[in-house]
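As written, the chains take the letters A, B and C, and residue 1 is the first residue of each chain.
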Amino acid sequence: MEMIVVAPSAPGRIEDLRRRFFARPLQALLSLVSLATMVFLAWKLLNWAIFSAVFTTSGGPEACQAAAGACWSVIAARWRIILFGLYPFEEQWRSALACVAVVVMTVLSCIPAFWTGRRIALVWGVGTALYYVLMKGGMLGLAYVGEEAWGGLALTLFIFVTTCLIGFPLAICLALLRRSELPWISHTTGLIIDGVRSLPLISILFTFAVVLPFALPQWLAGDKLYRVIIGSALFFSAYQAEIVRGGMQGVPKGQEEAAMALGMSYWQRIGRILLPQAMRNALPATINQFVISFKETSLVVIVGFFEILASGNAAYGTGEWRFAYVEVYAFIAFIYFVFVFSLSRYGAFLERRMSVGER
Amino acid sequence: MSSLLRNQKVRNALLQLLYVGSIAALVLAGVAIARQNLAEQGITSGFDFLSKSTGWDVNFSLLPATANDPYWWFFLIGIINTLFLGSVGLMLATIVGTIVGLARTSSNELARLLGRTYVDIFRNIPLILQVFFWYAVITHLPTPRSAYEAWGMLLTSRGLYVPVPNVGGPAMTLAIFALIAAIALPVWLGRTSRLSQPIGERLAIQLAGAAAALAGAAIILAIGRLPDLPLVDFPALQGLNLKGGLRIPPEFSALAIAIAIYGGSYIAEIVRGGFKAVGKGQMEAALSLGLSPWRVFTLVRLPLALRAMLPILANQYVWLIKATTMGIAVGFTDFFMIVALTINHSGQTLEAIGILMAGFLTINLSLAAVFNRINKAIALKGNQLRG
Amino acid sequence: MNSTQSPGAAVRIENLDKYYGSFHALRKINLSVERGERIVVCGPSGSGKSTMIRCINRLEQHNGGRITVLGTELNDDVGNIDGIRREVGMVFQHFNLFPHMTVLENCMLAPMIVRKQPRAEAEATARRYLEKVRIPEQAMKFPGQLSGGQQQRVAIARALCMQPQIMLFDEPTSALDPEMIAEVLDVMVTLASEGMTMICVTHEMGFARRVADRVIFMDGGEIVEEAPPEEFFTSSRNERTRQFLSQVLGH
């Protein structure tokens, strides 16, 4: 009896595997090649990153360099400069706290309960203000630290957050102007948006950092950091404006007509009827744009900011850790990966949920 | 007055005037202030500087360049460098993207997993970080004395040295065109409207076309070879330095590799999306007509998928061309870096920025025009895919 | 402002012209609607009937002639346009309810932000009108959760919440399944019996016969015929009208 019970199930599993991976000769070959590649890469990676790696700083750089695997001691020795840049050592807890504030703010804005214009503005306003006070100090008993000393991950996050904070409302304005019924307004705005979109971000950052001071009166030029943030926000808004406009086009014309027929003014129609629906339509593409924008924040390294990439270069570029560049880049890549991957997964999740909701 | 302001037409006219006027005023004021500021530094505005010699050099150029050459020549070199790096990057990224994309749409779960891992990792790490990484890897390679050697190529911290044929410049150019033709001919011949032969015989004609073009390239090289030199110039160590062959500098390789890997992860997703867009119905119809799986792929699935992915691919290509501006991070003299250097050395800020904008506008518009033509040429007539 | 018109006229249209590019959509339309009057406008599709009533609250801008609504001329004056829209309610073919708000919020929004009513008052009004259109129990649902007939009744309630003096209906039953048409028409009949000034574009000839004071037949951007329903349906003199009626009523 037992034989009869067991017999069909065991070949069943093998049969299943055979059908899934070895049904045809070509299929079998593909399976084997894929499997071999995977095992090989996984083994190489694990061996390098964990089994043969050095994790402590006790042996110093020399012992580390001699090891066959990764030399994680460079991170142990230099993590503070990567995360916080040249921020004063005793004050670095503030920088860490500021980063936490930004992360909490991002997580909060992913919760649907916060998706009303007022609440999202409140969360971002409070989050950014908290960041700014913590980093800059000069009040509440915190020592003053100027922007020139900000760096590392904290600076990257600041540039990203302020880019979005300025860029997002700007994007909505540009989208509204572009869909205006008044031809001169819509054409001029279209020209600005398309012009910015056709330029590489680096050239815009460079223009704002280096060229703009010539074209502005002295009192308006301001700090280089804020000029670059405005440039990056302009770039962000040109792309986001098209996404918002796409969302607006998805709102049926009858919606605005109904609002008009009820006697609502232009701003009431925009604020109460058009935007809430347009933003919903545009949500997946918006999150995607945030993801791209976060990755592009790294470009400010080119106009001379000490953000996480530059601080990473500095972390291995000086003295005894020169050989450990792979480990430093892997560490920074991992930080980016955590942020970007979770955000894009979240975007994919939302997209799925919304497409289910439409059915 | 107040009744005038309540008039819709008056209001609209005023609003437009105010908007366009203030933007124009902003731009004009900026230009005026900039001209004044630059004039105080002794820089006269105008495009006269274009014909002055630069006094500095570029580290990578397909055309001859010295510090005595004028600015306009350097701008041209910059644009050609950008386009060259762009097209090499695009080509590599497309190859990587197609392979990974096919893996992602494969019926084999292991291949799909592999493709997905690739995309998830490389899409989520900023391009510039990948550029820095590959640049560091290449510049940490062994010195020329202990270079890696394979197939006559040398891999060193100073770049990749590859063997080149010893032929004159014009012959080389012609040969490159012939090689491009070898790839393009089969595609061009494959267009159904040009061939009345049955599909089975088409392949032979396509292969014949490619072979003819390749033979042409070989003949051109044989005729154009330089006298008294071996046909192929291999790089070799001489003293502390490498002589011979063609040196591909680390800046270029790092950018090309990074663009290929990063762009490949995006193109893979476009390829996957294209295949997903092909309706199940079409495939089932083809299979039920008794076509072999390979025929179904080449005759039905691939052509339909290509049409679906092309518009998105065009955007991606434009993005990748713009990404070449990251050259400045590792010191590759692309168009943007030439502009930045010009501003540094000559101070002709406004003019250089103007040239930069005009350059990228031209590149973008021409790429868009090319893709629009292709799109139109292959577009399905009417709404064949509806319903 | 132009208050020299007869005080009784709710809507007065004189020599109205409307073009879409070079297409002449409305040709010299003349129509006067008294307060409390119920007008049904019919005609083949493309005859300009929707365009005409959309001109009355400026969803379309007319190119010639004058429109006077409740003694106020509809011209480029922004104040006049806003004022007229407050007093003229409209019901659309595709309901155009706001999908991101509940039924109750749909009804409360305009009274609160346009008429500046306090929330409690707006809610009381909204509930009263939802009662009137016989769906008080759906107040907390979203439009997407309702049937077409229910949505259209909400749309009527939403327009009524602004307490308009004139109601425009733009083919209110054309997008509905046959079994839902009656419930919407019932509400409209009730409304008519209460003395609301109504201009309805519709093909529901039964409704026209029952409630209309006048039936207007349009074709090719012109008013072809204008008559009380009895006369219109039984003894029309016009060839085009008779042809249209035979198509609508014939089978």
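In this section, contacts are C-beta pairs under 8 Å (C-beta built on N, C-alpha and C of every residue); 3 or more make two chains touch, one makes a residue touch a chain.
Just so you know, these numbers come straight off a predicted model, no measurement behind them.
**Student:** So which chain ends up closest to the centre of the protein, judged by Cα positions averaged per chain?
**Tutor:** A
**Student:** Comparing the two chain pairs, does A-C have more C-beta contacts than B-C, or is it the other way round?
**Tutor:** Of B-C and A-C, more C-beta pairs in contact link A-C.
**Student:** Could you give the separation in Å between the centres of subunit A and subunit B, each centre being the mean of its C-alpha atoms?
**Tutor:** Computed from C-alpha means, the inter-chain centre distance equals 25 Å.
**Student:** How big is the gap, in whole Å, between where the Cα atoms of subunit B centre and where those of subunit C centre?
**Tutor:** Whole-Å distance between the two chain centres: 59.
**Student:** Measuring centre to centre with CA averages, how many angstrom lie between subunit A and subunit C?
**Tutor:** That pair's centroid distance is 50 Å.
**Student:** Which residues, counting only subunit B, touch subunit C once they are in their complex?
**Tutor:** Counting only subunit B, the residues touching subunit C are 3, 6-11.
**Student:** Which stretch or stretches of subunit C touch subunit A in the complex?
**Tutor:** 57-59, 82, 85-86, 88-90, 92, 94, 96-100, 109-110, 113-114, 155, 158-159, 162, 168
**Student:** What residues on subunit B touch subunit A, complex-wise?
**Tutor:** Against subunit A, subunit B makes touches at 12, 15-16, 19-20, 23, 30-31, 33-34, 37-38, 103, 106-111, 113-114, 120-121, 123-129, 132-133, 136-137, 140, 322-323, 325-326, 328-329, 336, 339-340, 343, 349-350, 353, 356-357, 360-361, 364-365.
**Student:** So in the complex, the part of subunit A that touches subunit C is made up of which residues?
**Tutor:** Contact set of subunit A toward subunit C: 252, 254-255, 257-265, 268, 272-273, 276-277, 280.
**Student:** Inside the complex, what are the residues of subunit C that reach subunit B?
**Tutor:** Going by the criterion above, the answer is residues 76-79, 81.
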